[in-house]
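Two complexes follow with chain A in common, the first pairing it with chain B and the second with chain C.
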Partner chain A sequence: MPILSRTLERLFFLAAIGSALLTAAIFLLLCQLGKPLFQHGGLGTLLCSPWNPGHGQYGIYPMIVGSLSIAFLSVLISFPFSLGCAFFITHFGPLALRRKLLNLVRFMTSIPTVVYGFVALFLLVPFMREYLTGGSGLNILTASLMLAVLIAPTMIIFFVDSLQRVPLSYRQAVDALGGSPAQQLLYVVLPMAWPGILNGLLLGLGRAMGDTLISLMLAGNAVAVPTAMTQAARTLTAHIALVMAADFASMEFQSIFACGIFLYLFTALLIVALRLVGRLSPRGL
Partner chain B sequence: MFATLKKNIFLSLACLLCFSLAALPAYANDLDLFKGQQGVIKISGGTAHIPVMKEAAKQVMSAYPDIRITIAGGGSGVGIKQVGEKMVQIGNAGRKATDQEIEQYGLVLFKWAIDGVGAVVNPENPVHALTSTQLQDIYAGKITNWKELGGIDRAINLYTRDEASGTREVFWKKALNKGDIIASANVVVSNGAMKTAVANDPYALGYVSVGHIDASVQPVSLDGVVPSNETVKDGSYPVARGLYSITSGEPQGAVKAFIDFLFSPSGQQIAAAKGFIPVR
Partner chain C sequence: MGRLLARLLPGFSWCCALALTAAVATLVWFLLRGGLPAFNADLLFGGTRAIDALLLRRQVFDGLFPALFGTVAMVLLAVSLAVPVGVAAGIYMAEYAGGWSKHLLSLVFDVLAGIPSIVIGLSGFALAIVLHRSFDGRLGPCLLLSALALAFLVLPYLVRSTQTALEGVDPLLRHTALTLGASKLQNIFLVLLPNRLADLTGGIILAVGRCAEDTAVIMLTGVVASAGVPDSMLRQYEALPFYVYYMSSQYTGPEELQKGYAAAILLMIICSLLFVLAFMAQRRLKSWLLYR
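Showing the complex of A and B:
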């Protein structure tokens, strides 16, 4: 038995080391493959210059702006709705409805992205074009709205989890003191649950940043730097998907490694932020 | 809005029906090429090729079930890259592989049909004719409103393809005379996606392979010549390119049979039926 457990221990250790090394290796590989680009003009120029292969410019600045604005806008739209929905499920909704709603939200996480994209293409895009944004209807706002729907379930489930983890005795204490449900939520439950809520928020942001299909189908993929929500934009992920098909040896193809590096670093920063939030809040749950 | 939607659904259903009814009688002896062959043929690449590949694969697989053929899209760049890396046996491309690609991978090119690329607008759009200069000015961002072209007072929604697209390359070279394409143009990923985009957007201007033009989009005549099979074939419509199937090294076995089948009367008939100009 001891031999078996020791072997198992070693196996698990190897698995842990392996996946950690793999993550590091992916980053090194990205840097290695993106090397010609850095030599071409340095990472700084690459991150700040426009995309114009016809004139020898392979900068990914427009895509960075596109990615960040679509991701942040979608979180901005999705956050209040998700939080409200989580409150409803944990505190305000009729008991019979709460369970059903939560199940519905869980089901929503399993709908493939392409379905959202396709439905939006035929319903939301014509609506935006005719009544709201003009242009082709393929723009930052359209993509963000759909992305907000996509990331809402993830956020709601996280929020519900952390709201429900507030001990019942605390809430009963508020009841005993004659506090209203709203007071209970605002002064006791929210302060206790906020690290979890922030976690959910950052996770939603990460998901919005990493999604490819919604922005590829709905954001228009234009390479100009967007200056308004009603303009088309290309995200880093959509750029990778679009340029993937280019000639292997071309500079266009090399540029996707720069996108990869940026996405990788951005996600890494998000995770560091998550950890910091977790550490800085001993009070929270 | 819902009227357009309904119309589009109807159109797509109609297309589906046409595809399923358009099974062509093959000359029996052309399929004999596959006698004694078996195995899997993987095909990927140019999206313009797909209708022909599907029909050819269907005929081959119904006659010789031992041969399995898989077809994927991805665009010309993907086709060349994947066949070069030997991930597929046949890579399709709507452009010639570059000399560098041919040399690096030892590619062999087979041009089995010719395809035009035509500008298209939504059927609701009254503008059906443009000159080369107008088209270049629109794509360069100098003309931005349909009003300037005799249409309604709405901004022109420009659609283009990604850098790896063979369709884009020939359109850019021969219709736009290598002029600039404005950075704010929407980018779509395939001929099919372009058609969907233009069919759904009343103010759109895009371009597709002539083989893809159907009732859902309105072809735009260029300098008075409407892009169609006839005008591409007689050379009066100049924006055209070869459709290539590419193998890594000289094809063998079932792959060779498939390439030969594309050049046989049956294969050439399929190409013609799907809206391309056969080479033989």
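Showing the complex of A and C:
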């Protein structure tokens, strides 16, 4: 019996350590395969030069700009909207509807990304083409709008969670003083729940940065540096998906490992930021 | 300023709630309108007889069956790879790890959970390149590789759901068996895990859903637009999410497009069924097990 139990305990340990090591191994594998690229010109030129394979330039700067602008724009659209929905669920909605909206939001998390993209391609894109942006309708704004819908459930669930964790006694105190639900929200709940809100915001940003399908299907995938919201752009994730077809040994192909490394580091930094925000929260809220 | 905001806030929040509901309703309505006409016997099996296709006696060429088969096979493979490791690591995190090692490990798992799925797919592909070089071209992108990458994608969710499930056990219950002389392992397998079976199952079902819907990982690790039903794990295969993606850009006529709609509906039905199942599992499984 002791042998069996010791073996099992060792297996648990191995599973945990193994998974953690594999996480590091991914990073090393990406670096290893992207190595020729670093030797070619150094990290600085890689991150800052344009994408122009015809002239031997394989910089991923346009993709970084594309990724960041689409991600930030979608968070900018989604944040107030998600906050409004979260307020509805915790404060303003009729009791019967609150639960229904929360269930709808949970259901939204189960809708596959590719389905969002598919519907947007045949519904939102023609609309944008006809009425708002002109051109092909495939641009940063279209992708950001759809991405905003995609990341809304993540944000709403986090917001609701952190708003509800404010102690009931505080909220009842406002009620007893004759405050309206909106006043309660503005002056008591929000000032206490903001670390949780920030947490949800950062998670939404992470999801927006990491999403592939929406930007691949809707952003137009142009390799030039975008200068307006109505222009097409290519994200790092879409770049990885698109260059796959090319030849293994080419510099073009190796640039996708630079994209992978950038995305990996961005994620890691975001998670560390989330941890720091977690420390800020007062009294374990 | 504050007073104005307080007056406007309820209206704003109503608008947001309505807009969200409208968005989801539009999405579902649009899919159903486009895809329902294609829902008939031919959708899955095309011209082939259903029984021949199901017994894998004959390949299906113009139906969704190979894609459905590929998705199911890939998900089953990925989940059966990920669940033992994920649950074991979760048990370690909840019951054995402590101090700085627990902090470090949970940070690593959080990073893993946050890595974009396309990067996981890329590393799967990188692995395929390495294998391709060392095994002389016999191994490349295939079903098994996709399953491995997907297993890795859902691993952190499984670890986290197992860990939180175990840590949520009532302290009274946690210590009862131990004070009666049970070993730590007996306590885990006979008390803690059965007590949290519902949460565990819910977590696993959600992982299944995550595998079924993912497109980015598989498009780098072996899915193709037409491969038929694969006859081994080392073959390329078709999958529903990729079919939807492929149809969205490569359709040649209204009939193919309608099939794309139908595939999207099918995928959504599968994912929402899994989701409802997970939801019910977390609530009902316990009572179902107790009163059976």
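Heads up, the rule we're going with is that the second predicted complex is superposed on the first by the 272 of 285 C-alpha atoms of A that agree within 3 Å, B and C clash if a C-alpha of one lies under 4 Å from a C-alpha of the other, contacts with A are read in each partner's own complex, and residues count from 1 in each chain.
What we mean here is this: a residue touches a chain if its C-beta (ideal position, glycine included) is under 8 Å from a C-beta of that chain, and two chains touch if they have at least 3 such contacts.
Note that the structure is predicted; figures quoted are calculated from it, not measured.
With chain A as the common reference for superposition, the partners chain B and chain C occupy clashing space.
Legend: residue contacts after superposition of the two complexes on their common chain; A:208 is shown touching neither chain B nor chain C. Of the two partner chains placed by the overlay, only chain C lies in contact with A:275; chain B stays clear of it.
Comparing chain B with chain C, the partner in contact with more residues of chain A is C.
Of the two partner chains, chain B and chain C are each touched by A:122.
Of the two partner chains, neither chain B nor chain C is touched by A:151. In the superposed pair of complexes, A:232 makes contact with chain B only, with no contact to chain C. In the three-chain model built by superposing on chain A, chain B overlaps with chain C at stretch 225-233, while the rest of 27-35, 117-125, 225-233 or 261-269 show no clash.
Shared interface residues of chain A, touching chain B in one complex and chain C in the other, are 121-123, 241, 244, 248. Considering their complex, residues 1, 4-5, 8, 74-78, 80-81, 84, 98, 100-101, 104, 155, 157, 159, 162-165, 180, 182-189, 196-197, 200-201, 203-204 of chain B touch chain A.
In the complex of the two chains, the chain C residues touching chain A come out as 2, 5-7, 9-10, 12-17, 19-21, 23-24, 26-27, 30-31, 34, 84-86, 88-89, 91-93, 95-97, 104-105, 107-112, 114-123, 125-127, 129-130, 152, 155-156, 159, 183-185, 209, 212-213, 215-216, 219-220, 241-242, 244-245, 248-249, 260-261, 264, 267-268, 271-272, 274-275, 279. Put simply, chain A touches chain C in their complex at residues 5, 8-9, 11-16, 18-20, 22-24, 26, 29-30, 33, 80-85, 87-89, 91-93, 97, 101, 104-119, 121-123, 149, 152, 180-183, 185-187, 206, 209-213, 217, 237, 240-241, 244, 248, 256-257, 260, 263-264, 267-268, 270-272, 274-275.
Across the interface of their complex, chain B is touched by residues 50-54, 62, 121-123, 125-127, 129-130, 134-138, 216, 220-224, 231-232, 234, 241-249, 252 of chain A.
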